[in-house]
Structures are given as structure tokens and as C-alpha cells.
Amino acid sequence: MRLVLPVLYAVVIVAVLPLLAGYIVLMERKVMADMQARLGPMRVGPHGLLQPIADAVKLLLKEDIIPEKADRLLFWLAPLVSVTMALLAYAALPIGPAFQIADLNIGLLFILAVSSLGIYGIVLGGWASNSHYSLLGALRSAAQLVSYETAAGLGLISALLLAGSLSMRDIVIAQYDQGMWFIFYVPIGFFIYMVGSIAETNRAPFDLPEAESELVAGYMTEYSGFRWSLYFLAEYANMIIVAGIATTLFLGGWLRPFASFHDHLPGTPIELLDALPSLLVLGVAAYCFFLAPKQPVKIQKLVMALVGGLCLAIAGILAGSLFASPAVLQGVHGAFWFMAKVFAYLYCFLWFRFTFPRYRFDQLMRLGWRFLIPLALVNLITMATALLISREWGWSLRITSILAIVVTLAVAMWLAKNDQVDSAVPVAEGE
Amino acid sequence: MVLNSILFYFFAALAVGSAILMVTRRNVVHGAVYLITTLLATAGVFLLLQAEFLFIVQVILYVGGIMVLFIFVIMLVNLDISLLQYQFNRQRFVAAVLALALGAQIFLAIKMGQKSLFPQASVPEILPKNTEAVADALFGHFMLPFEIASILLLVAMIGAVVMAKRRV
Amino acid sequence: MSDPRTTELSNVSTTVLGADEIILNMGPQHPSTHGVLRVKLKLDGERVVDSECIIGYLHRGVEKIAEHRSYQQFAPYVDRMDYVAAVSNGLGYCEAVEKLLGAEAPLRARVVRTILTELQRIASHLLWLGTHALDIGALTPVFYCFREREEILKIFEKYCGARLTTHAFRIGGLQYETYDGFEQDVKRFCDDFTHRIDEYETLLTENRIWVGRTKGVGILSAADAIALGVTGPVLRASGVKWDLRKAMPYAAYDQYKFEIPTRETGDTYDRYVVRMEEMRQSRLICLQAIENIPAGPIMARIGKVLKPPPGEVYHSIEAPKGELGYYIVSDGTTQPYRVRVRPPSFINLQAFDKMARGSLVADVVAIIGTIDIVLGEVDR
């Protein structure tokens, strides 16, 4: 009986995730188009809304090509490993106070472990393609992943110090108890984790192993059709996972902003700030209805109106749950805030991708090893010191953490200036 | 408890099977993959013993770190030649005899110490949390060995970097 | 799902040489070589120790064709050489033939030629910037650059009916008068353009990643540049202040005030800065020119059938890519005896080996992009 709910959640996640990943791809293409002064997918379905479906169907129908001398077992296994590990990580991710498949007491470590297993999908995929350049691209990608995993993990630890537990749920509850999202205590830790997570998911500006198709074919080249879409799904699922980790650790998880501000609407048990989600979604709905008459084509007007209606429905659910039991309220609103934060984090990913050029591989590695890891270590030390001081001597954690941040920033500036992390000509060894 | 037993036999079978497969494969990369599954199965056994920290560290470090390096080396060094070599050389009979002898010894040891394998007192339902227990031990009682091990690793790393460094 | 990232496949074949040396072949079909260029690189690990550019994949025999066409008939062919900056090609050719004839285009024609050529320079540099940034990984500037280039091409289309291979000028002057609203269009473009260049600069100039990918990459010293005969922005970025528009003015350039941007080091970043600044200077020239386009005839009196007296002439202009020269030999008939084109991209490409030696493989693409070659010009 205890297993019914987790299994149900697992089924929901595995069913919804490919669709969600597809629509995140559509969102990426629309955002990319917007930043590049153009429109993006517009033809398949109004405003391109059916594009992911079309792409999925196309990929399923494509011919499955296996190179002649490829290692068949590994060729079959590699995308499977990638996707399995990406999906497995969702087991410990708390999407709401009640919507978590398994509240492991080592939840965070579990997700990190599973993410590091995902590297095998890349390495074995590059090997199985039986192409010299696929292999090199795969090994480079794996080297990059391993390096930035270290830095990201160290960045996470600085927030873990404040939480005191590895269980994802406890981390969010700790942020509720302390009344402050951890990003305000360790913003540099958040920055380190963000950079590390961008490199971990092979996104620009760290996408050289993938996009350097000029000289080295990436590990995905020999995969076609469904196998390739598995890799793709794994990449976007990974993106959502790292966004989820960042949200849980640094941005308060499912908590609404000012979670401990309990002022009520006069005369009712409804808290003021709980009305925020429905108001926000109502605003989006109003914007949709406002835009609908301005669309050039009739079907687009209809779809805009439909989207507005959908937003109204969501706002209705959010508002309606205000009057339901606290469990339902927490669940629905928690899920809303979690998804909102995840999407904000993902939007930053997209933003960086279309703004920055790419790092060259040696610059990338140098940035990871000679800037991020030392910075993460320093950040950890200063944060631990701040925590110690505040616990032993009773100073407010906010003050000590600000001091810690200042010290870490100074070290960061010194590291950045001193080390020529971005020098074009590789600094000759021994100088 | 039934679930525990089932899972234990599953993980044990997986571990033993993978180990056998690992040793018998010609293709070295396949062997490495089977080693990975062996290690994962062992990690599963740790989890069954309620040592969750050990489980996760096994996965992160052993499988996610050390095996990745194994695979790097295997892939960068051209080992196609291994496909042409004999799998078992002329000493295989001696090796089989020795393996049987070792197996018999282990079987005897288990048989003689049978009583201590199934202690009367049942394992307490709630053990102290594994992560905290490990941390207490590592940073409390075993601090000095821990630091010495860290320095040893650092020395090894520096040595490797110095020896392998060359201009790009 | 179609990949929002670029999904180029590489056409790579390798021959393993010695212990560490590999010959890597890039192209001719290659997304980043800006045309059908084949580059063979000899690599020692990651470093390029030797390189060889193999060209000729786009050779169409333009110079031979010239011997069998009359002077006016050959004029559209020159557009197809540097197809990115067709107007400049036309200017060089028309002025060369006019020199051979001893005629000069009237002032109005020369001023309009200047305006159109400078607009073309901006368009050419915009295309260069977009593709160069795309090679280095910045996905957005290319779209902004093409948006601006679109405005320029619209002006060309309104003027002469074509966007790319314009055949805008005729020997002796212009065929078409400027259309109603020409000055307003150009002025509107120029007014908008500063804001746009600032946009590109915001994205790239101070960006650590951009600077890291371009500073110190592909250095060409001034002495090497002069020895190799390199011209154009590549030469000016290496520290040599030489621009034909100032040194040997043609068209109406002597009437306008503008600067010649130069830098010192001669790396990829300097070439980037020089070209950005050149775009700004071109805009200034356009603004000065449209203030005051003199009235008058647009075509010199040279007759319909052109039979230049026997002789030879070499005339060069400062095309966006460098010194574009035409050496025309006339034997007194209506068809030239020989037309030899000095294409800037061809000569500049010879500097590739100097720039690429010692750099990393990953920088080769940036170096090819920074020379700004067009294979139509290199191969003719």
C-alpha cells in the first residue's frame, strides 16, 4: 500500500517527462528566435505548438542505422544508460511537499551519483560508434563533465552546511525554518553551481565537445532516429534535474517567496501571499487575451485565446486550492512555485546559450580546474567559518555570511585576474 | 524481510554473474562494463545492509570516478590486439586446481563459522544514520589516518601530473 | 526533433604519420571554411606545424572569358568574383576601363558610386562579422548582422533591381539615376546604424570568452604582412596604415573626411576591432556624401562601342577585403586582350600558413574566418 503513491508518481514522471522535454525544446527554439530577432517554429501547429510532436514522430520513423563495425551491445546500451540515469534521478527530486517519489535520507548524493553514472552513456556511445573522432569527442565531453562535477559538488556543499541534512525534503524544510533561501547566504556557491551545471549538461558556452563538429564529430553523430532522441531526451532531462537541484538547494524548493510571512487576508484563514500564484497566472491569461485579437491569422487568434483559457483554468485551480485542505493547498502551490523556479533557471540556461561564444576546450578545462575549484574550496571554507562563528559566538548568520561573501569575492577577483583563465594562447607549462 | 531476501539474491547473482562475464569476455570494454555492473551490485548489497552512505560512495567514487578512468585508459590505448590473443594460457589447469582449492577453503571457513553468520540477537530496526556514523568515525576517532590518506592521495596526484605533463 | 544546434557533419580523413603527427584534412565541403576551401593541416598533438590551402574548387575561368567578351559584356562577370561585395568589384573594373579609355565619370556619378560602395563595404563587413562570430560559437550576432544587411540590400534592389550581383555601375558612369527617396533611405540606415554597431560591440568586444578566443590567435606581424603582400583590414590590423582610399584616392573619396583605423598586434581581435571601426567610418562617408550629391550628368560621353587604344592599365581600389586590382591589356579591339584580376582574398589567404603555424587546431577555424575570404574571388 505504501508503494502505490510512489509508483504512481514514477509513472506520471516517466510519462510526462518526454513531452515536457519536447516542449522545453520548443521553448528554447522560440526564445532563441526571439533573441535573434526572428519568429521560430510557426508552421507546425499554431505558433509551432505541435512541433515537438512532429519531431518525435519523425524521429520514430527514421531508419535505424548502425555502423558496420560498431560494437552492437554497447551501441544499444549507451543511449539506454544515458536516459535511464537521467530519469532515475527524478526519484529523489521533491516537486512539492507531497510529490516526491522517495525521500531518501541521502537524496542529494543519490542524484549526484546517478548524474555521474550518466557519463557512461556518453563514453560508451562514443566508443561504440567506431569512429576515431566520435571517441575523442566523447572522452573530451566526459573529462569536462568530471571536472565540473567536482566544482558543482563543492558549490552544493556550501549550501548543505546550512541545511544540515542530505535529504532533499529536509533541505527545503531547513530553508523554511531559517526563513531565508540559501542563495542569500551563499550566492557564490549558487554561481559556482550554476556554472558547473551548465558545463555538466554540455550547454553553451561549454558545448565544445558537441558543437565542435567542425573538427571532431560529437559522440552522437552515428546515432539516428530513436536512439538519438534518447540522447536528446537525456540531455534535457538532465537540464531539468540540475535546475531542480539548484531550486531545492538554493532557491527554496517548493516554498513561496517569504514563506514565513503568515499575514492573513482579514477575516479569512487564507494567507495573503498565497494569492500570488493565481494572480500571476491571471496576469499571463490577461496578456494572452490581450494579444489574441492582434494575431494575423484566425487559427492563431483561436489558439491564443485557448492558451489564455488554459491559464485561466490553472489560475482557477490555484485559487480553488486556497479553499481546500492545507495538504492540497501546499501540494498545488508547491508544485507551482517549484516549476516556476525551475523554468526561471532554465531560462537563464537558454539566455547564456545565445549570448556567449564558446570556450575552447583547454580554456574550458583551465576555467574549471584553476578558477572554479579553488573558488569553491575558498567559498566552502569561508562559509563554514561563518557558520561556526555564528553558532559559537552567537553572531547573526546573515552578518557572518555577508563577511564570508566579501572575502570569497575578493579571492575570486584575485583568481580571475591572476590566472589568465581566458588566455587564447595556452599558458606554456612551466612558466 | 522477504523482499530483502529476494533483493539480496538478485544482487548477489548479478554480482557473481557479472564477475564471471567480466573475466571471460574477450572484448576489454565489455569486460569493463561488466565490472561496472559487479560494482553496482555490490553497492546494492551495501544498501540492503542499511549502509546507505557506503552505497552512495561506492557508486559515486568507484563506479562514477575510478571506472570512468579505467574506461578512458582502455579506450585510449589500442587494445584490439587482445582480441587475437589466447584467452587462457597453458597454465589454465594449474589455475583451475588452485581456484578449486581456494573455493574449498572458503567453503570450509564459512561452514565452520556458520553460527556467527546468523547471530541470535536481531539487527536493531533503526541503526544510527550511516552518514553521520561514518562522519563521526572518520573525523573523530580516525582523523589522523584520514589526513594521512588524504596527503598520500595528494602526493600521488601531484606525481602523476608532473610525470605526465607535456606541452600541449 | 530537429536540433536547434548546428548539426554539421565533418568530412575528415586522416593519415597517421609518425609518433604524434597527423595530417588533418578540412573541407572542401565544410561549414566553417566559408566556401569550397580545402585546408590540409599537419598536427603535432594539438598544434599545427604545417598547413596547405588547396584552392581551385570554384575556378570558373573568369579571366579567360574576359578575352571573348566586349568590355561592357564582361562587366556582370566581375560581380560574381567577390559575390559578397559585388558593387566594389564593379567599381574597380569600370574605373580601370575608364582609365584605359582616358575618360572620367562625371562627378555626380562618382559621388553616387562612393555612397553605394561604402554601403557595400558595410554589408560585406556585416556578413563577415556574423559568420566569424558563428564559427566561434556566438549564435546571435549573425541574425542581427543579416537584419542590417537586409536594409542595405533593399537599397540596392531599389536602385538597380538586384540585391547580390548588382552590376550597379557602367563604364563611364551610371546607368540609373538615383531613385526618389534614395537619400532618405541611406540617411535612415546611417542614423540607425550606430545604435546597431553598439549592439554588436556590447555582445562581443568586451566579452571575456570572445577576447579569450581571439586575442593572441593568428598573429601576423607588420613585416610579414608587407612581405606577403597582404592588404586591407588584415594589413591595417598588423600596424601598417595603408588604405588606397587615402593613398591613391579614386571615385570621390578625396572629398570626404574619414579615419583609417589601425591596430598594432595583428591578432584576430585586432582585425575584429579594425573592421568594426571601418564600418563606422564608412557610415560617416555615406552621411557626408548624401548631404550634397551634385547635380549633373551621370554618364560620360564615351560612345556605345568601346574600343580603347592599345595599351595596358592597372587600377586598384580598396575593396572591403583588401586591394582589388584590375590589370587590363587592350589590343585596340572591342574585346580586351587580357584581364588579370588581383583578388585580395587570394593574396591574403597566403598569410594563412604564417598565422596558423603554432596555433591550436581549434583556432584554425577562427583564423580562416578572420582573414575574410570569399572563394569566388580566390578561385575566380
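By written order: A, B and C. Residues from 1 in each chain.
Convention: a residue touches a chain if its C-beta (ideal position, glycine included) is under 8 Å from a C-beta of that chain, and two chains touch if they have at least 3 such contacts.
Fair warning: this is a prediction, and the values are worked out from it, not measured in the lab.
Peer 1: Quick check for you: compute each chain's CA centroid and the global CA centroid, then name the chain with the smallest gap between them.
Peer 2: If one averages C-alpha positions chain by chain, the most central is A.
Peer 1: Please identify which chain has its centre, taken as the mean of its CA atoms, farthest from the centre of chain A.
Peer 2: Checked the centroid distances; the maximum from chain A is C.
Peer 1: Compute the distance, rounded to whole Å, between the mean C-alpha positions of chain B and chain C.
Peer 2: Computed from C-alpha means, the inter-chain centre distance equals 63 Å.
Peer 1: Could you put a whole-Å number on the gap between the CA centroids of chain A and chain B?
Peer 2: Spacing between the chain centres: roughly 32 Å.
Peer 1: Can you check how far apart chain A and chain C are, centre to centre, with Cα atoms defining each centre and the answer in Å?
Peer 2: Whole-Å distance between the two chain centres: 44.
Peer 1: Could you say which residues in chain C touch two or more other chains, in rising order?
Peer 2: 46, 360
Peer 1: Hunt down the residues of chain A that sit against at least two other chains at once, touch-wise.
Peer 2: As it turns out, chain A has residues touching two or more other chains at 362, 426.
Peer 1: Residues of chain B touching 2+ other chains?
Peer 2: 168
Peer 1: Which of the residues in chain A come into contact with chain C in the complex?
Peer 2: Per the stated touch rule, the residues are 22, 25, 28-29, 32, 35-38, 52, 55-56, 58-59, 132-133, 204-205, 207-208, 210-217, 221, 229, 232, 353-363, 421-426.
Peer 1: Which residues of chain B touch chain A in the complex?
Peer 2: Residues of chain B touching chain A: 27, 29-30, 33, 36, 52-53, 56, 59-60, 63-65, 68, 71-72, 75-76, 129, 131, 165-168.
Peer 1: What residues on chain C touch chain A, complex-wise?
Peer 2: 1-10, 12, 14, 24, 26, 30-32, 46, 133, 135-140, 143-144, 147, 203-204, 207-217, 267, 359-365
Peer 1: Once bound in the complex, which stretches of chain A touch chain B?
Peer 2: Listed in rising order, the residues are 71, 73-74, 77, 104-106, 109-110, 112-114, 116-117, 119-120, 123-124, 127, 135, 139, 142-143, 146, 166, 362, 426, 428-429.
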